[in-house]
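Two complexes follow with chain A in common, the first pairing it with chain B and the second with chain C.
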Partner chain A sequence: MEASAPRFGVAPLARTLLPAFSLALVLAAIATLNPFAISYMGFNLMLNLAIPIILATMAQLFVITGNDLDLSIGSFIGFVCCVAATWLTTDPLLGAGILLGSIIVYALLGALIHWRNLPSIVVTLGMSFVWQGLAVLVLPDPGGAAPEWLMTLMGFQPYFIPFPILAAIVVAAVTHFLLMGTSYGAILRASGGNAAAVARAGWSLLRIKMALFALAGLFGALSGLALIGITTSGDANIGSGYTLLAIAGVILGGGEFVGGRVSPIGAVMGALTLSLASSSLLTFMQVPPDWQVAANGAILIIVLAARALINRRKA
Partner chain B sequence: MASSLAPSVASLNGVEKYFGAVRALAGVDLGVARGECVGLVGHNGAGKSTLMNVLAGVLAPSEGRVMVAGQAQATWSTRLARALGIRCVFQELSLCPNLTVAENTRVFHTALRGFGWRRRAANLVQEKLDEIFPGHGINPSTLVQDLSIGRRQMAEVARAFTVTDEPLALVILDEPTSSLDARTAGQLLSYMRRRVAEGMSFILISHMLGEILGNSDRIVVMRDGRTVADDMAAHFNRDRLVAEMGGDNHAAHDASPFGVVRAARPVCVRARPRGQNGDSELVAHKGEIIGLAGLSGHGQTELLRAIFDAAPKGGGSITLDGPVSLVAGDRQSDGIFPSWSIARNITVGSLKALKQGALISPAREKEMAQRWQQRIRIKTPDMDNPILSLSGGNQQKALFARALASDAQIILMDDPMRGVDISTKLEVYDIIRQEAAKGRTFLWYTTETEELLYCDHTYVFRNGMIVAQLARGELTEEKVIQSSFHEAG
Partner chain C sequence: MMGQLYSVGRNIEAKVMKFVSKALIVSLMGASLLAGAAHAATTDKKIALSNNYAGNSWRQAMLKSFESVGKKAVADKVVAKVDVFTTADRAVPTQAAQIQNLILQRYNAIVLNASSPSALNGAVRQACSAGIIVVSFDSIVTEPCAWRITVDYNAMGRQQVAELARLQPKGGNLLEIRGLAGTSTDAKIHGGITEGLKNYPQFKVVRSVTGDWDQTTAQKNISAVLPSLPPIVGVVSQGGDGYGAAQAFAAARKPRPTIMLGNRQDELAWWQQQKQDGYRTWSASISPGISSFAFWVAQQILDGKPVPKDITIPYLAFTQENFEAELKAIPKGGVASKDYTQAGAIAIITKK
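And now, the complex of A and B:
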C-alpha cells in the first residue's frame, strides 16, 4: 500500500557487495601490475600475514557488535605471542592455562564495562598497556620459539587453494554462523541495535557483553597463535599495528561503529583487502619501503571515504 | 475499583513510584478484567507510561501491590510478567533496527532457538501480520531499518501478539496507532476488538480520544500521577474526557478563516513532488498554514525533506523565498540532542544571532531560552536540565521553540504532534496561528484530519503525488479520505 515500497532492497544489496567490490579492485590492480602474483605461490606470499590479521579483525568485530571498541587487541596479540613462544613450548599445560585465563580476563573486562557503565575505549586503552607490560615481563628480548605443531599448521600447503585463502573461508564461515546463523548470535547483534529492548525482553545484557568480549579474547588468542606460527619467534611489540588494522577491516567490511551493524564475511574480505593493499600492492607499484607505512594510511582513508560516499548515495 | 464483570487479570493497588524526589505515581488503583479493554487517557506526564512500565515489570513500584492471576507478586519483573501473559507495546519503538523482522521476533521469545529458529520466527510473525494487517507488504526477512516508520510499528505490534511457550492474557498498547495511517490503525483496533471478544484483555493508551471512546469498554483517566475517573466507556464523551483530563477548554476547531484571499499575498514556496503527473504543485503564500494530508508514507515527508534540502535558494522543481526550518516527526532520531540541556536544544538553531564576536554569548543564550520557555510554556524548573528530563510532549515543544526562535520564515513540520497530549497540541496550534499571522509560512504534514482544520489550504498526497487540493472551506474528513484512496476527479 505504501508508495515507497519498491525503493527498499537496493541499499541492503549495496551494503553486502561493497567489500567484495573493493577486494576485487585491489586484486585487479595487482593482476595488472604483476600477472604472476595471481598464482598459488603468489597468494601464499602476498597473504603471508593475512591469517592473523583476519583473526584479529574477527576479534574486533565481536566487540564492535556490542557498540564497543577494543584498543588493546594488538598488544593482547603480542602478549599471546610471547606466551606461545615461551611457556606454550616449554610447559604446554601452563601455557594453555595462561591463554585460557587471559580469555576469561577478557570476559571479565566485558563485565566491568557493563557493570560500571565505563567507556570501552578507556578500559581497553588501559589494558593495552597492561598486556604490553606483561608481554615484556614474559619475554624481555625478542626470541623464544614457537611450538612445533603451530609452525607445522601454519606451513600447511593444501592442493589448489592457498592456505591463507582456505583459512579465510573457514574463519568467515565459522564467524558468520556464530553471529548471523545461531539464535544467540541474533541476540548478540540485537544488543548493539537496541540494548533497552533486549533487556526488556528478559535477556541479561551482562551475559551478552561477557560473551562478546570472551569471543574477542578467543579470536585474539587464535590470532596471536597464528602469528607466532608464521614468525616462529616472539616479540612483545609484534602486534602493535593490529589494533587499527582490525578496526579498519571491520569498517571496510561494511560494519559500523554503532548500531550492531556488522558483517563477518565482509570483515574477512576487508581484512584480505587490507593485507593485500598494505604491502603487495605498494611493492608492485614500486613505492619505496620507507613510504609504505604512510601510503598504507592514505589507502585506508581513500577506501573508507569511498565507502562512505557510496553508502550515502545509495541511502 | 476493578470491574466486577469478570475475574481480574491484573490489578494494581495503591501503587506509588518516585524518581528521586519526583512523585510520578501517587497511589494508583487499576484493575483489568478478563475480556475487557480499558482505555487509559491523560496528559503527557500524567503517569500513564510509568504505570504501564510498573505493570509490565520494567519498573519496580516504590509502594503498593501488583496482583496478577489472583496473587500478589512480591518480586515482579519483566520475565515474570511475560510468563504470566502480560505484554507491552511500548510507545517508543523497541525493535532492533539492525535485525530483520524475524530476528526481532526471536529477541522477543527465548523459546525460539535451535535448528530452524529463523524460519519458525518468520512464520510466526508473518502469520500475525497477515491476521492483523492484511495486505501489510512486510517481508519478515527485511531489516527493520529498511522499513518505514509505519511498517516498523506494524511489525512491533504483530510481534507482541506472537505466542510460543508463554500465555497471552493482557496486552498493553501504548500509543499503538501514533505512526499508523487511518486504514492500518483501523485494522489494528478491529483486531483488538476481535481478541477482546475471545476473552483477551487490553489496556489501550491513546491521545486520539475518538479511538479511546470507540474501542474501550471502560475508560480510566489519569492526572498528576493518580486516577481521577474510572467509568464505563458509554458514560464518557469527548467533552467529559477533556474536562476530566484537566484540559483547557479551547474551542477545538474554530473554523473562522483568517479571511485572506490567497492570491493577495506573495508566493514563498512552490514545489512539485518528484514523479508528479500533470502540473499540480504545492504553492504556499506568505503567512499561510498549508496542510499535507493523505495516508502515511505517501510522499509528504519526502517533499518536505526535498524543500529543506533545497533551502535557502531553491533548485530543481522547488522555488523558495526565505530561510527554512524543519520540525522533525521522529524526535528521538532526528530532533533532539539527547545529551544537551533544554536551553541548548532550543538555541542551537539560532547560533548566529547569539554570537558575540566569535563566541556564543551565554547571556543571550539564556535570555532566548527563558523567552521561549514562557512563550511556549515548557514545564521544567530549570532550562539547564537535560532535554530527556522532559516528557515527550514538552520535548516536542522545545523542538518547536527551536524552529520558531530561528530566523526561518518557512517552517516545515513533519507530523510533529504524534503522541502529544491534547492540551499541549492546543497550545502549539495557538502559537502556529500567531506566528502565521506575523507572516511566517507553515507546511504541515499531519496524519490527523483534525489538524487539517487549522490549515488554510490542504494538499492530499497519494503514491508520491498531489492528488487533490482543498481550500479551508471545502475540507472534510470524507474528502481527504476519498482522495487518499481513489484517483481524484
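And now, the complex of A and C:
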C-alpha cells in the first residue's frame, strides 16, 4: 500500500487526466502526419480493431481489481474466436452454450485461486495453454466463418459518431457504472484494497473473487466476438498479443497492480492510446523498415513512462 | 446526417478524382508516347508491402529483394513510391490493423505476406472495397478479391524424391524433416514428398522429425532419434534444416547420408566442403525474391493488364554443377535469392 499517496487532491486528478492527455497527444501526432485519417472513415479504420483490445483491457481490469493478473486472456479470446467461427455459426445454441460454459470455468478459476490461495499468475499461465490447446482442437486449420449478425454488428455505421468511438463510450460507461456506481462495485474494489476488512464486514471473499473472474470471462468472450466480427474468419493464434496489451492498457489508464485502484474510463482511453500508438502512428511515421519493430517498442515505453513520471512528480 | 454529407462529399471527390486522373492519364500517355516510356498508368501509384515477421534469413532476404526492386522502380519512374512495413509482433490483429492504416495512407496496392490465411480477410476486403489492389504471396490469404502468388511446393517435394532416386538408385531408409506444424507450406512439401515416394518404392521413410525450417531445431530433434534408427541413406527436407541434419549425423558418428538441401548459405558451404570427396546432392527452396515478383504483379494490375488471380511460380533449385557459382553471391548466413525484373515477371504472368 502506498501510504504516502494522498487519497484526494492532485495525484488522483493527474491519474485520471493523464490517459486523456496521452490519447490527445497521439491523436494530434496522427492528425499532423496524416490529416486524412481524422475523418469518419479514418476513425473507423484506425479504431475498429481497438474494440476487442478495449474489451480485453476491461476483462483484465476486473482481475487486477482483485490484486490478480490474468495471463490467459489472450488465448481465451483466441478460443472464443474459434468457437464463434465454427459452432456459433453452424449450431448457435451449442456455440452460445460453450461460451457460457467457458465463462463459468472462469468463475471456477477465481474460486480455485481463492480456495487454495494460489498465485493467479501461475493458474492463468497454465490456463493459457489449455485455452490455446482447445482453440487448436476446435479449429485445427485457420478458417471458419463468423456469424452473419456479428459481422453486420461490427460493420455498423451510425450517423456522425464512428462505431468504434460509440462502442468505447458504451463500454466505458457500463464498466464505470458497474465498478464505481454500484455498492457491490465498491465491495469488489475494496477486496483488492483491504480484503480482511471486507471479510470482517461479512462479505464472502470467495463470491467476490468468482464475480471478478466471471466478469473477466464475460468481457473476454465479448472481446473474442468483436474480434471475429471484424476479421470475419478464425485462427487459433489470433489472440496471442492481447494478454500484455490488456495489462498495459489498464496500467496506462491509471490503474495500479495492487490496492483495487482502477479506472475503467482511464483504461478505455489507455487501450485506445495503445492501439493507435502501436499501429496507426507507427505506419504514418514511415520509419525505415529495419527500425520499425524497435520503434514500436520505443513508442510504448514513452507512452507508459509519461505516466510514471507524472505520478512521481505529483506524489 | 454527417455520414450522408460525408458520403456525398466522397462521391463528388471521387468523381473529380476520376476526371482528373483520366485527364492525367491521357496527358501522360501523350507524354510517354513522345518519351517512349511504357509505364504511363502507374507513374503516380504507391505500393506498400505488409509483412508480419522479419526474424529469419529468408524473411530478411525477402524484404531486401522487395526494397531494392521497388527503389529501382521508383528511380525509373515506373511507380511513385514503394514502402515496406513490418509489424512488431506476429499476431494476426496487428497485421489487420496495419492493413487498415495502409488504406488510410492511400496506397494504390498492398503486397502482403500474411500472418493468417483466413483471419486477415476482413481487412483485405476493406482494402478491396476502398479500390486498393491486394496481392498476397508466400503465405497467401483466402479472400477472393486478393491475388495469390504461390510456389509449387508440391512439385518441389516430388522432385526431391526423384533427385534422391538418381543419387541413390538402390534405395533404402529415409529420414524426413518436417516444417512448422499446421502451415500450408509444410503440408504441401510433405504431400509432394509422399506422392513422389509412391513412384520409388525402393525408399522407405523410417522416421520423421520436426525441424521448423531451422538448423538448430533440426539438429536437436534429429540427434534425439538418431541412436534408435537403422542405417539412413537419404534425408528429405524442407530447407533451412539440412545443415543441422548434417551436424547431427556427424556428432553421432553415423555415415553421412544424401541430405537434400534448401539453398541456405551454410548448407551450400557444407556441400562445397563435402564435394571434395565426391559427395553429391541437390538443393531447392522458395526464392525470397518472390516478393519482387509480387511487386511486379501489383504494378501490372495497376497498369490495367489482365493478371490471373492465382499464379504459381517455379522454385529455385541448384545442382552439383551450378551451386558453387550461386554460393559466392549469397551473404554469410543468407539464402539464395533471385530478384525478378519486370520482363521476367510478365513472362511468368502471361505464360498461364
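Criterion: the second predicted complex is superposed on the first by the 300 of 315 C-alpha atoms of A that agree within 3 Å, B and C clash if a C-alpha of one lies under 4 Å from a C-alpha of the other, contacts with A are read in each partner's own complex, and residues count from 1 in each chain.
The definition used in the following text is that a contact is a pair of C-beta atoms (placed from the backbone, for glycine too) under 8 Å apart; a residue touches a chain by one contact, two chains touch by 3 or more.
Just so we're clear, the structure is a prediction, and the values are computed from it rather than from any experiment.
Student: Check whether chain B or chain C contacts more residues of chain A in the superposed model.
Tutor: The partner that reaches more residues of chain A in the superposed model: C.
Student: Return first, second, both or neither, reflecting whether A:Asn237 touches chain B, chain C, both chains, or no partner chain.
Tutor: In the superposition, A:Asn237 contacts chain C only.
Student: Counting only touches as set out at the top, which of chain B and chain C does A:Leu227 meet: first, second, both, neither?
Tutor: second
Student: Scan A:Ser183 for contacts with chain B and chain C and give back first, second, both or neither.
Tutor: Touch partner of A:Ser183: chain B, not chain C.
Student: Using the superposition on A, tell me which residues of chain A are in contact with chain B and, in the other complex, with chain C.
Tutor: none
Student: Report the residues of chain B in contact with chain A in the complex, numbered from low to high.
Tutor: Of all residues in chain B, those touching chain A are 56, 58, 78-79, 82, 90, 94-99, 103-104, 106-108, 110, 112-114, 117-118, 135, 137, 142-143, 146-148, 150-151, 183, 295-299, 302, 462-464.
Student: In the complex of these two chains, what residues of chain C are touching chain A?
Tutor: 1-4, 6, 10, 54, 63, 67, 83-94, 96-98, 100-106, 116-123, 125-126, 142, 182
Student: If you look only at chain A, which of its residues touch chain B in the complex?
Tutor: 1-5, 8-9, 11-12, 183-184, 186-187, 189-190, 192-194, 196-203, 259-261
Student: For the complex, give me every residue of chain A touching chain C.
Tutor: 34, 36-37, 39-42, 45-46, 48-49, 52-53, 136, 140-144, 151, 157-160, 227, 230-235, 237-242, 275, 278-280, 282-284, 286, 289, 292-293, 296-297
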